[in-house]
Amino acid sequence: MRDRLQEWVPRIVLAPSFAAIVIFVYGFILYTGWLSLTDSRMLPNNEFIGLANYEKLFGLRHWNVALKNLFIFGTLYIVISSALGLFLAILLDQQIRNEGFIRTVYLYPMAISFIVTGVAWKWFLDPGIGLQNTMHQWGWQSFEFTWIKDRNLAIYTIVIAAIWQSSGYVMAMFLAGLRGVDNEVIKAAQVDGASGFLIYRRIIIPMMRPVFLSAFVVLTHLAIKSYDLIVAMTGGGPGRATEMPATFMYSYTFTRNQMGVGASSAIIMLIMIFSIIVPYLYSEIRAGRDKK
Amino acid sequence: MKFQYALKASASVAVLCIAAPMAMAEEVEVLHWWTSGGEAAALNVLKDNLEAQGVTWQDMPVAGGSGVEAMTVLRSRVTSGNAPTAVQMLGFDIKDWATEGFLGDLSEVADEEGWAEVVPPALQEFSKYDGKWIAAPVNVHSTNWMWINKSALDAAGGEAPETWDDLIAVLDKMQENGIVPLAHGGQAWQDGTVFDSVVLGLGDDFYKAAIIDQDPEALASDQMVEAFERMEKLATYFDPNFSGRDWNLASAMVINGEAGMQAMGDWAKGEFLRADLVPGEDFVCIRFPDTQGSVLFNSDQFAMFDVSEDKVGAQKLMASAVMDPDFQVAFNTVKGSVPARTDVADTEFDDCGKKGMADLAEAAQNGTLHGSMAHGHGASSNIKSAIFDVVTAHVNGEFSAQEAAEELAAAVEAAQ
Amino acid sequence: MASLTIDKLTKSFGAVDVLKGIDLEIEDGGFLVLVGPSGCGKSTLLNCIAGLEKTTSGEIRIGDRNVEGLHPSKRDIAMVFQSYALYPNMTVRGNISFGMEIRGIAKADQDRAIQEVADMLQIGNLLDRKPSQLSGGQRQRVAMGRALVRHPQVFLFDEPLSNLDAKLRVDMRTEIKRLHSRMGTTIVYVTHDQIEALTLATKIAVLEAGYLQQFGTPDEIYNDPANMFVADFMGSPSMNLIEGRLTASADGLEVVIDSHDDRSISLPVPDSAAMRQHLDHSIVFGIRPEAMTDPDGADRTSSRVVTRDCYIEVSQPAGSDTFALTKLGGKECIARFRADARIELGSFSPVSFNMTKAVFFDPSTKERIR
Amino acid sequence: MSASSQDNALQTSGIMRAMIYALLIFFVIYYLLPLWIMIANSLKPLEEIHSGDMLAPPRSITFEPWRSAWSTTQVGVEATGLRPYFINSILMVVPAVVLSTFLGALNGYVLTKWQFRGANLVFGLMLLACFIPFQIVLIPMARILGMLGLAGTIPGLVMVHTIYGLGFTTLFFRNYYAAFPTELVRAAQIDGASFFQVFWRILVPSSGPIIVVTIIWQFTNVWNDFLFGASFSSYDSTPITVALNNLVNSSTGVKEYNVHFAGAILAALPTLIVYIVSGRYFVRGLMAGAVKG
């Protein structure tokens, strides 16, 4: 009898967590899905209006700006963070003195929220008090750095700050990956006469494939969820030049009293996220099963 | 929930029921976004007043421009059935919350103290819903002001501009003098504040038709195109670094002579006074050109939520304290606004304040007192946001004036 | 101490049947070796006995107790794992005492038991070390100590020697055998190494693809394989399985086998009704390398030794013996010559076949023809 | 990291090494710049900030802004400094991190060592939950917190953070325990250890690296959270990020930038310390399984 009970213990242990996730994540997603089909404005209501909110959403210039920004931001952010992360990891893997210190410096931005560093970034990028001003004071009068004030370039300043925050983390992932590479493979390549760069290009970097994938997933979800960053640095401005889906959703749901439209944008965001993450998870879990 | 609160309340009763005039000592939780030094000091007047009556003040500040964050917090608090006692709120938000049925009823206190006689009808529009008092107005801000650095003005001819053409002449002159003619911060609500004044400058009727009534014809009219052209013209007098700047930094530019003038609500005065500038000598306050005699207002009010029985007493005490003439004077002299009560003497106020109070009374009389769109008193927040979107995009050069007017009509329609 | 009986045991993971009806029985004090290539189901069978996997159907009895549904710890067994599974965070002493601690055995008794196994396995000086500070052989001893201290009815060993180097493996094998004879406990031992199976077991069960191929004493398994799989799997080098044609001649039945250069040899086959069914068909003639020798090395006690000329292609001296490779029935065959036998490569040399050791199979069913 | 695992270093000449160091130092500056701006300006008197160079070190160092940010500056109408909010954050973070780490470890243990039919689906669903934008949960969550009587309380915030941390903590432990030898669990079972005894006696003592990674991750996320803190707290449970925002984004008046920067650093200090102290275990923990699926 007690042995039978023992068999159920694992499931009983897992049950509360799983139930919490089902209710607080999937239940809420369903609820949001429902809201997106209603005429909810300031507070949720249950007046069904079909797909009208979606039609409205895709008719909004803002939403299209937000999607375009996400595309620009996402692409640059993911590509540069991965490349920089890998590059720094390779540099750090060269038996560097003070590696521990440098690694910590590269990693620490991940520890701080943009609520905290946003102020410093805003200062730094502001032409009046920041880098441009400093350069002028140092005598470089022609120096110009006004991206954050330029509606065509402001999104790139967001990219700079975002890369600052997460490239160190990506670096740590790659460093872990590099340290896990079997030395014998490298020795074999050296015996084959491959030069250092060739070894990296042809052997080590291809072996980092799983890390690239993990980094891609982490960065993608950070990109789609970017919110604090935008709010702290530009508030979506100049104009709406740095609006992103997350800020769009927040403002329509909570400040513009168009909860239905906000909910429909949330559902579109979820679809985007899931279409990236689900195939990855599926292949990962499958791979795990095959290994067994 | 209520049980918990009852517990907390009874705990504070034990501590605080000393020398309270009311039988019950209670507490009020106040959600607001007055977090800066001067505002907080002004609120402290209210807090001390209430604590003297045995009511504990539980402070729930949520900072962030014009209460955007605070409104999100409020939504979550109300949804969870844990609404604060009183919430600082602007115009249409009060109406919206009243429509949803979450606000309490202050009529008893209001009738007793005769609020109806002392609060201008334009404000009552927002303080009452369905014949019941739901909010206690603290102040009236007026948004169609222009703040000018006196020495910059002197250098530009010394004549305060009264019409649009005057204004352009002065701005041009200032530009020649090598200063930034118009200090501005590129944030949606600041763009909107200027836009409000520009539209009003084209006529009270036009403002009413386009902004208050959102008449599609007015929104897409030639007059609207002209309004956008004027905005475009004004934008040429901004410095290139205006985007995202806080309004008080723009004020600082006027204060230290870096810029000539700023179009901003009366709260800007506080910045000038704190920098020890004297109205009339060091700086000049005028109505935005072409808007003399009209007043765009917004009014901070404490909306009172429908709370449990045990807290109603304290809520009423607070409502009464907000309407207390002494508090209204104390708060508004600091804040730069004018009291919501019209029966308060203006002796404590400076020149600009006196002018503001007189203007308000006059405008109320003449029917030229309008709610400010940019500050939530001209249109509900979805309409307001839609207008902001277009105005801000236009200020940043995304549309021509013609396109902007069309876009505006479309955006307002979409938001309705 | 108890016997172990396994009755019609099946086990499936989802749609995959891993064990397809296993029947086994080992007497009290016996040493059962489960042997087979990887993936044959032997480890799963062991885990079922241990209670670490649930069976799908069938019965397992330890002594006369049906252990179905019993928690592993209540089956009165002990297990030694391939990776030793020493708890990395505990000392050797902790590893050995952990089970007793959980069962709530008094500290003094624990200490006594630890001392006893430590003496038996000569690990007394290692008791306060962590597993990471031990060599492979030492870990192996500790793992056995942890099992021994329980005095179980049945010991289960899951490929316990496969992580050791060759020399150590031989030593430990001896040690396990010694322990078994000293303690007399029933042992179930899983290995893929047929030498271990033959040296240790009192009974061997050969598994393949979820089926029990043959169950018997090492001698039966080696000399009397039930089918071609067992014949091929057991023994090293493995049995020569040579295809030939069964014909009848004046002397009785013969198997005719292709040899080198269009030549062929014929070997006498014992006559039986079963055998006659294959007349004029191909059969597989199985003979172990040690039953194919140089004539001087042939087993003189055998009643039927026949000598034929075979073409020797390669010789492989292996110290004690020399393996001679010849081609019969189109396949490489290994004959085991004495080390000092003279072999001329690339020519026909006489090879003696000890036909008492020969076995025959049906090539279509792979089963033995008896 | 053991020295032997660094053998994949390039064979490099002196010039190459100089270049590598130059690059590394360049990036050290890039990463430190915002922190430097905050520290340098938090130590300057306000006049020096207004007149001077943002990047310059302070000419006259003052610790007044720090004292003010910690204990006297006005946050809302109360001149309490950030101290009470700091304490709120601690009261919220510690239980949330402990709970979500503990549950994540148990889940990882069940999902790897007690596989049952559908375990992978359960894991997939839990993992997918990491990726939802949290804005969508605000309204329904508020309602549920209200129903549970936890609205505006620290236990309510702990609950929210625990739930939304579960996906990642489960992921970390699941990947770590997947590489943990199953034979050890079996050995312990045969030794008679129960489900929980196996967990506490066998798995937990070997989980050091992954516990560090999980704690770093959770501590950072919960401490830095603004959205939940702003939405679900009330006057006596406001976390420090929200208070910092109130301090920095106050709508009028003289902006005391030095106090703001000091406050910002104070708000960041605990996470910084956690990273600096345990950062070296972080890479090790990532190696131990958090990187790969």
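The chains carry the letters A, B, C and D, assigned in the order they are written, with residues numbered from 1 in each.
Just so we're on the same page, a residue touches a chain if its C-beta (ideal position, glycine included) is under 8 Å from a C-beta of that chain, and two chains touch if they have at least 3 such contacts.
In this text, all values refer to a predicted model and were calculated from it rather than measured experimentally.
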Greatest centre-to-centre gap (Cα means) from subunit C is with chain B
Two candidates, A-D and A-B; the one with more touching C-beta pairs is A-D
Per the C-alpha centroid definition, the whole-Å distance linking subunit A and subunit D comes out as 16
Note: subunit B sits from subunit A at a C-alpha centroid distance in Å of 37
Note: subunit C sits from subunit B at a C-alpha centroid distance in Å of 91
Here the gap between subunit B and subunit D, centre to centre from mean Cα coordinates and rounded to Å, is 38
Note: subunit C residues in touch with at least two other chains are 71, 74
Contacts with two or more other chains occur in subunit D at residues 138-139, 141, 245, 248
In subunit A, the residues touching two or more other chains are 6, 250, 254
As the complex stands, subunit C meets subunit D at residues 47, 50-52, 71-74, 77-79, 81-83, 85-89, 98-99, 102-103, 146, 158
As the complex stands, subunit D meets subunit C at residues 181, 183-184, 186-193, 197, 201-202, 205-206
Subunit A partner, complex, touching residues on subunit D are 1, 4-12, 17, 20-21, 23-24, 27-28, 30-35, 37-38, 53-55, 103, 106-107, 110-111, 114, 116, 120, 122-141, 144, 163-164, 166-167, 170, 178, 194-196, 220, 223-227, 241, 244-245, 248, 260-261, 264-265, 267-268, 271-272, 274-276, 279-280, 282-284, 286-287, 291-293
The residues of subunit D that touch subunit B in their complex are 74-78, 138-139, 141-143, 145-147, 149, 151-153, 230-232, 234-236, 238, 242, 245-255
Seen from subunit B, its contact residues with subunit D in the complex are 1, 3-4, 29, 32-40, 43-44, 47, 57-66, 69, 72-73, 75-77, 79-82, 84, 246, 248-249, 267, 270-271, 274
